[in-house]
């Protein structure tokens, strides 16, 4: 059984104190309308995966300033995600990155996860770094590489990740290829595409029938001239050529400036090819900041497309889409940062659920742009925090997760347990 | 027969004087190697279309400062393009924009064009502006419009443009749809896409069998939130769903900042879906500046992909691609601006032809990035102006087109003929 | 006396009906705390100027789709702003643009404004367009121009605008210079700067002692290579060299992508050089969209800096800063668009007023980034619409301005009065 | 005495072979005009500093792929720069970064440098990373820090760097402050500015009278919301407040997208505040790619402003400006990359020297934009490589530096001497 650093009892006490001083979450929302009730229930259902590599301090090429108490093993990572789930009721899975995560005995890992009411979300392969002892370098790419042996190594690694994922109970493989070029002339773009496609095909063929393959795209970084899966158009080209189990995955930070991401979301849903989502926020590039800390309205607009588009296609928000937070915690405490991110996701989702879709549809049909904006902003300007709190209260989670994390001195506890110099694997 | 404002005899004299003072173009290139000879011949073959709407002064929403002597009719536009062709030997066609161009009797227009050794390039429809007396407004879009009557009107207009184009001898229709939205909530993205696709399908079905449909994309402007054919990925989606006569058209200024356009070119060629090219240059948005005046190296890299990709697919640079200059002349004399643009296109093309493809291929296969850059830059740093001059000399065109335009006082002549207040239709 | 198209009685009835169905605005805010009461009073004081050129339909270089009922004269523009003020209680002044606005007899204009409880905000000169009959063209700039006669003409125009402004009771001149270049080599940057400085100095010397000069900057458009007052650094250089009556004016849409505008606001306040503000919103460039329709959180962050910085310097938000909405209404009804903009400004201001400055200061001093974000987001996530409504209710304005505008059929009324083809001057 | 891995004799032989196969560099340039001769002499004078931290493999936050043979000590770094100087004749100084460079006995370092005909360029302090054993962390900034002890530590470090620099014979200190924030609310912008100014003042006061202080600015990274010295306007504010020994330093990669860097250069020269330049190239952000590999025309335009502006102020290009290459070599061999960068700088400089300044001035005065472009492009399109080669030949450097580096097997030699795992300090 998992050792908890936070007891459910502490949550109950925290909530009682909170209710005593703030009153019931919903009291400010007027009578709990059927609509509100529906939003609360949807929020209770909603779950977002936590990546194992986001539990430690992140960094830039200029440095890293570790905070202490970071998880030293996969068990400890699972424990940290378990804590997040306990606090929020909305983080019921962990996404692994191989070989950053040494799974040891998968069975034990599954047991450890289950002890925290967690399961394993999508597994991620890594062919953008060289590991000690690795035979062929990925300096010049992996699946795109000119050398067949390097490509074969990268493919074999992905097959191994699938194998591990099966043992863990994952149902999808996420492939983020850093492959690309930093200088004009470095690559033959067509050949790079074709080789990558060929490699993806071999990986695709190794997928169990109930698995999905997520093809993540990114505009630039770590390469600074071209990326071989560089935008949604390219990802969709690959996914279309591969087959029905291949999907595009959207990471909010992987676009050129000004990209209308919500439109991309709508079109990928239209094509039946949106498979997953990585949440974060950014002002400049792939800054990997806390979700919703820079452009919360954009996040709401994206969720609006997701809600509307999934509904239209009869998709189940939980079963049919892979949600994950993918941020880097360079300055904030990683767990506090994740708690703020989870809350921001829930708020945007709740706001999107409040959009009066029928009225919006009528406004659109009448070209009533002013009214359409009023409808969206009415939902967005609503203070939905009581709905999120209500959902947490009902789920037995904490009304103020960051507050409880601090009251209970959990970071200090982790530092005592793991040491001030404990450092997680990842970025 | 066309009245020429410039006699071939003037060109001969200009060239003689030029040769006397500068010597033969090729003398600085060493012996005229077989490779150089090949470049000169390719340059002689290369032709770029001139849009009828680029012969007058352009403007911004803040104003317009007309220069005088602009063409007042389609005949005069044809005459201006004829002059450009006479001066450069590389502008053998004109692209019309309906209804900006009133074609009157198409047969006469064809005769007028032929008198200038010109033919009609792609015809362009216009559903982004309202014309006096127009029944349904395009304020909220054309093919995407919620109102079937507006969509029908836009489709009918395109069919009419095809009809006119057939009489003129055009072989393609270019559709640039400004359709989009300026505010979140204004559009249902999927519905806008589906309606646009439906409209394009009806237009596609009306195409003569030897025609192509070019679907131009643009990131933003005139709409500032979304565009319904907003990037290459969307254009390719439409083109793929329509069929083999539908192609994507790339305009250099229609991308988000930092877009790697050369990679898009390579991928569209790979997919067999690159149909045409609009040349211009820009620093910020769709600035529509003179070709090559801001980012000449990018232009070279794009031409490198075009040369290499068309060769690889066995495409004929002249027959299989629609080349056009599409710039706006807000400050420069429109004809001088076009002459500078034509030269910039020729220079980039010549440089791209000089790239040692075999050596580059070897460098790529060996991941020799330094060498790959040396190969590209060796071509780019070569002063290819003598090759362009030699091509013009052989074609009977002017060695220094801008110089002759000025020496011969052609703008003053046009102002005398047409008036200082003469103003062309277009942007 | 001004003829009102909306009677105060209609507002009273509208508000009564609103209160009946929605209840009192503040009831959802709990007891009206002293803090809330302070916010309401600040909102009642807050006024934002309306530019005379924003009362008609705007456009792009690709076209314009007029809506009808636009004001045909300055009197009608004053009447439209009077209507906005009546509806919102927060638009008590109009900003003129000369020569777009023909002031005729200034005394009459003052009387007309007063009849609507309005006064005249900053006057704007225009040297970016040529007027019919104008002697020297601004095609190549005005104050930067190589020709002394053109510069003298531009300076004289500004002096004339000051003279008119004095008669109207304005207290400031706003100079937005489009001067710049579209091509490398076009300008000598230093000379352009020095000439512009020289011209501004002559204008500055003509200012009445109680006037301010606002120097607006803009990154690009209508020029596409350089702008001679291109960013805050350049504007501050000019303002510093001119003297204490010269200030920088910030327009939200005039920056390069990703600019941290709130930091610029803070630094200009620190230097005592922030004079005014133009509100709008944008996704790509200077899109001039409705305030707060794309990046409401950024607007809040900017207001947070304004509130905190003005407080710190002991500035009066009303007397010491020139607030104006400067948007373009290409698709929406101009008056509805302005009503949405006014509301967005008020919401952002109210949210900023709710920030717990002391707690934020403590969090900053302790490097508690998580807490600092919680404090800002707590204010931002609060639904402050009741506060804005309460302020309007107390001021005798409409609880739902857009709603009343529509209920009362005001656009239809204006179209009947002025005609469907009535078209305002401006952009 | 320095052990050379390349003997001057090898250069002589290489040059002889080159001349035999290619002929004399200048033969293609026609008679060596006085103008050309002047350019060659200027090229021979021109020297660019090499940073000690750019001699090893660079990386991103996603990884690093070391190449082998990197310098393991300052002596070896000096030796590598000596090699670059031997090959090009244009890299006569090295710029140190403290504490990355352990200077040991400065006197020995000076002797080592002199043995390679090198001297020490500007010294750089580092307060953006924590060093082992450092008392106060720079996680939340250095000079901007809320804690006076951290600020004092950062100031003391800078004074120590000045002390070291004096012993090495440097004449300037370059301060690049990463200070900034990654989240809204994290910083009080004014306080951060004031504290940074205060710290810079104490550093400034410690400068020897013949030293300069260079204040480098950067838009973003490693912080992703604000930077405390974020643009040229801020850097100039600091430099102006500090005094005549303080200058702005421009790094090409430190701007927001679309920034007109050449205009900034011109204005800083006008204000007498441009102190130094860091060369590199980029497509997206601060990509730190080889100089001239992405935007060579922009580099030329910047050099054009430098040449024209320094001439106008009577500045000596060598004595009055600190030139340095500051790139990161993630994929290319660091020394080959630097050789390509040096060549690109020389080419842009030579092209700028060829601009007919008088003709350009006349064109500008006449608003002849077409002609102004012709003049700039005439210089840019000229193949100036023979001039660069001639300068190298006369200086006893290699005609083809990259070629000789490869022929002589220098990387292999370095790997043998230093090991395949040798890794330099730096980024």
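By letter and in written order, the chains are A, B, C and D; residue numbering begins at 1 in each of them.
FYI, a contact is a pair of C-beta atoms (placed from the backbone, for glycine too) under 8 Å apart; a residue touches a chain by one contact, two chains touch by 3 or more.
As the structure is a prediction and not an experimental result, all values here were calculated from the model.
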If chain centres are mean C-alpha positions, then the most distant from chain C is chain D
For the pair chain A and chain C, the C-alpha centroid-to-centroid distance in angstrom is 40
When centres are defined as mean Cα positions, the distance from chain C to chain D in whole Å is 43
So chain B residues touching two or more other chains come to 139-140, 182-184, 186, 219-220, 225, 257-258, 260, 283-284, 290, 293-294, 297, 331-332, 369, 373
Among line, ring, star, complete and other, the chain contact graph is complete
So, in the complex, the side of chain B touching chain D is made of residues 28, 30, 257-258, 260, 283-284, 290, 293-297, 331-333, 336-337, 340, 347, 369-370, 373-374, 380-383, 385, 402
Within their complex, chain D touches chain A through residues 58-63, 65, 128-130, 137-140, 178, 182-184, 186, 219-222, 224-225, 257, 282-285, 287, 289-290, 293-294, 328, 330-332, 427
Note: in the complex, chain D contacts chain C through residues 139-140, 146, 181-191, 193-194, 219-220, 225-226, 230-234, 236-237, 256-260, 262-263, 266-267, 269-271, 297, 301, 305, 308-309, 312, 360-361, 363-367, 369, 372-373, 375-376
